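Listed next: structures, encoded as structure tokens.
Heads up, the next two complexes both have subunit A, just with different partners, subunit B and then subunit C.
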Partner chain A sequence: MAPEVWILGFILALPVVAYAFYRVGRTVDERTVPFMALLAAGIFVAQMLNFPVGGGTTGHLVGATLAVLLLGTWGGVVVMTVILTIQCLVFGDGGITALGLNLLNMAVIAPLVTGGILYVFRGKFALPATSAAAWTSVFLGAFAAAVELGLSYSISGGEYGMAMSLAVPAMLGWHLFIGIGEAIITVGIVAFLTRVAPETLKMRIGRPQEALA
Partner chain B sequence: MQDEIDRYARSTRLISFDPRVKLAATIVFIVVLAFMREPLAVWISLTFALMMVEISGVPMRHIGHNFLLTFPFILIASLALLLTAGWMSALLMGMRISASILVLLVLVSTTPFFDTLRALRWFRVPPLMCNLMMFTYRFIFVLLDEMGRMRLSRKARGFTGGKSLLDRSAFTTLSNTIGMVFVRANDRANHIYNALLARGYNGEVRSATPLKAKGRDVVFAIAYLISATILVAAQLGVLHWTL
Partner chain C sequence: MMGKNIKAAIVLIAVFAIGLVGFYVFSAEMGDGLERTTSDEGIVESEPIYNAPLDYGSAYGSSLVMGIIGFVAVLLSFTAFWLLAKKRGQKSG
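This part shows the complex of A and B:
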């Protein structure tokens, strides 16, 4: 990634993340912290589970929609931030400079898109709304990633990133399918939780519509 | 699994260095490195990274294993450049990412995660973030155990991973697995929260040993800063003349 682009990633992502922490920090009590952490750990672990896409390839969950469903929009931003930061600091995934862009794609764009879609439906058509939110959040996150790669390439004159004409179709074509997997799994998890442990679905900090207001 | 990751964090030469110094020096180095385009600068950074790996005393195999995990990403990034911008850009890209990952791995494998968090706390990262990261980190290993057991039972019942997005039963199994992870996580959270309360937890995490920077931390910081300066010199062409 070209320095201009990853710095831009931090500039765009950090204010939203900071606001989310402020919002959530104001409303949570110390009791909620272990619960949010467990959800974060749960999503972290769920990301390691591969689902089949076809032709011998697999994809894995991002989990932003799941986080928003369980914790509300800002809770989702907070949880995704924690997950990505741990991946960066403990497992060396992605690296420190890419953290800003990863945050932007998966901890800002994906949860806000999900929150927005769920807000539009406001509890009606729960399952279609969830799948739409899951698919769109993955797809737009991937689109953002492709644009960042393309920008890097053109700003640096080909020293970083990937040409826009290569990055956008490759990322979008692939995530068209990854998004479907994300949607199926997310709906499956929600259906499972509704049936087996409905109390886990009530842990969100404020309802999604309040969280966005 | 947790032992696996922190295994060398307590036995390596860099362990007793101040985590704040290690974290700040590493980040400064990586940020400077990200701006480097001159082949000479990238070469020097990779040499410095390998030198730090050697000095840290972390076994090569441990670093190598973790490095290989990130290798596919390095490969994709480099290959994309190979197709569009030529082999020199691709090679430099690969070396630059490798160097920054190695330096990060030195930090990560010589610092217990709890110390990293205390360093972050010192750098004024909000307490909510630090607490969440600490708990999440602990829970990940508990849930990984849980997942491992479920993977084994899935396998014992003949689950092979499924073929495609149309494989209904595979997706049912996978979503139920993740759902179950959350259900068990929820149960455990209750136990853990009660255990914490019983030990006097009130939302603040404290440590008995204060952080203290010593002379050798200054040496550490200077080593990183000097190499970063050398990189900048190489990038600006200053070093080119003297070599």
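This part shows the complex of A and C:
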């Protein structure tokens, strides 16, 4: 990525992340903390399990929709930030310069898109809304990544990234299917939790019970 | 409460251990959407400016160990964040 683009990623992502940490630090019920930590750890390992989507390509769960459903939008931002930071600093996944952009795509855009969609549905059509949120969060996160690649290419005169006209259709093409995988996994987990531990789905900060009423 | 959380952690790691078998059978050799997009265009990753101490491993056993290390690292980091936020809240409040 061109330095201007990855620096922009940090500039855009960090204020939102800081606000989310502030909100969660102030509002979260202490009893939910072990649950939040377990959810974050569970999403971390789930992200390691890529699934084939055809054409010799794989995808993996992002988990932002699941985190937002269980913890609210800001809780989702915090959980995704912790996961992506550990992946980057401990396992070298994504690279440190790309961390700001990864945070922007998966810890900011994906949870905010999910929060927006769930807000629009406000508890109606629970499972269709969940699958729409999961698919859209992945698709728009991938679109953002494609735009970042395209911007890098334009700004650096072709030294970094790739042409927007190639990046956008390629990324959206693959993530069309990866988003379906995300939706299936998220809906499966939510349906399972609804049956075995419905109380976990009432933890949505700010709007309890609305997402899956 | 604590027992319930430990049970949940064991279940998550067990599910991961089983899922990892599927990963090595079906997906380990293939790249994800972003990797596929960039490799199709012949983009080579530049030399990293920071080298992380660990990687995800390239065989079932090492990936399982790394997954458990990551699981614990995320769990501890999240808890540490919470304790820090609580301490700061107590100071300011």
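Just so it is clear, the second predicted complex is superposed on the first by the 195 of 213 C-alpha atoms of A that agree within 3 Å, B and C clash if a C-alpha of one lies under 4 Å from a C-alpha of the other, contacts with A are read in each partner's own complex, and residues count from 1 in each chain.
In the analysis below, contacts are C-beta pairs under 8 Å (C-beta built on N, C-alpha and C of every residue); 3 or more make two chains touch, one makes a residue touch a chain.
None of these values were measured; they are calculated from a predicted model.
J.: In the superposed model on subunit A, is it clash or fit for subunit B and subunit C?
T.: Overlaying the two complexes on subunit A (C-alpha atoms) leaves subunit C and subunit B clashing.
J.: Report for A:145: first if it touches subunit B alone, second if subunit C alone, otherwise both or neither.
T.: It touches subunit C, and subunit B stays clear.
J.: After the superposition on A, what does A:193 contact: first (subunit B), second (subunit C), both or neither?
T.: A:193 sits against subunit B, while subunit C stays out of touch.
J.: Using the superposition on chain A described above, determine whether A:33 touches subunit B (first), subunit C (second), both, or neither.
T.: both
J.: In the superposed arrangement, does subunit B or subunit C reach more residues of subunit A?
T.: On the superposition, B touches more of the residues of subunit A.
J.: Going by the contact rule set out at the top, does A:171 touch subunit B (first), subunit C (second), both, or neither?
T.: Touch partner of A:171: subunit C, not subunit B.
J.: Residue by residue on subunit A, keep only those touching subunit B in one complex and subunit C in the other, then list them.
T.: Residues common to the subunit A contacts of subunit C and of subunit B are 21, 24-25, 28, 30-31, 33-38, 40-42, 44-46, 48-53, 55, 58, 78-79, 82-83, 85-86, 89-93, 95-97, 149, 161-162, 166-167, listed in rising order.
J.: For the complex, give me every residue of subunit C touching subunit A.
T.: 1-2, 5, 8-9, 12-13, 16, 19-20, 22-23, 26-28, 30-34, 36-38, 40-41, 43, 45, 48-56, 63, 66-67, 69-75, 77-79, 81-82, 85-86, 88-89
J.: Per the contact definition, I'd like the list of subunit B residues that touch subunit A in the complex.
T.: Touching subunit A: residues 5, 26-27, 30-31, 34-35, 37, 66, 69-70, 73, 77, 80-81, 83-86, 89, 92-93, 97, 100-101, 104-105, 108, 113, 116, 126, 128-129, 131-140, 142-144, 146-147, 161-167, 170-172, 174-183, 185-186, 188-189, 192-193, 196, 201-203 of subunit B.
J.: In their shared complex, at which residues does subunit A touch subunit B?
T.: Against subunit B, the touching part of subunit A is residues 1, 3, 6, 21, 24-25, 28-31, 33-42, 44-46, 48-55, 58, 61, 70, 78-79, 81-83, 85-86, 89-97, 149, 153, 158-163, 166-167, 177, 180-181, 184-189, 191-193, 196-197, 199-200.
J.: Show me the residue ranges of subunit A that touch subunit C in the complex, using the header's touch definition.
T.: 21, 24-26, 28, 30-31, 33-38, 40-42, 44-46, 48-53, 55-60, 78-79, 82-83, 85-93, 95-97, 142, 145-146, 149, 161-162, 166-167, 170-171, 174-175, 178
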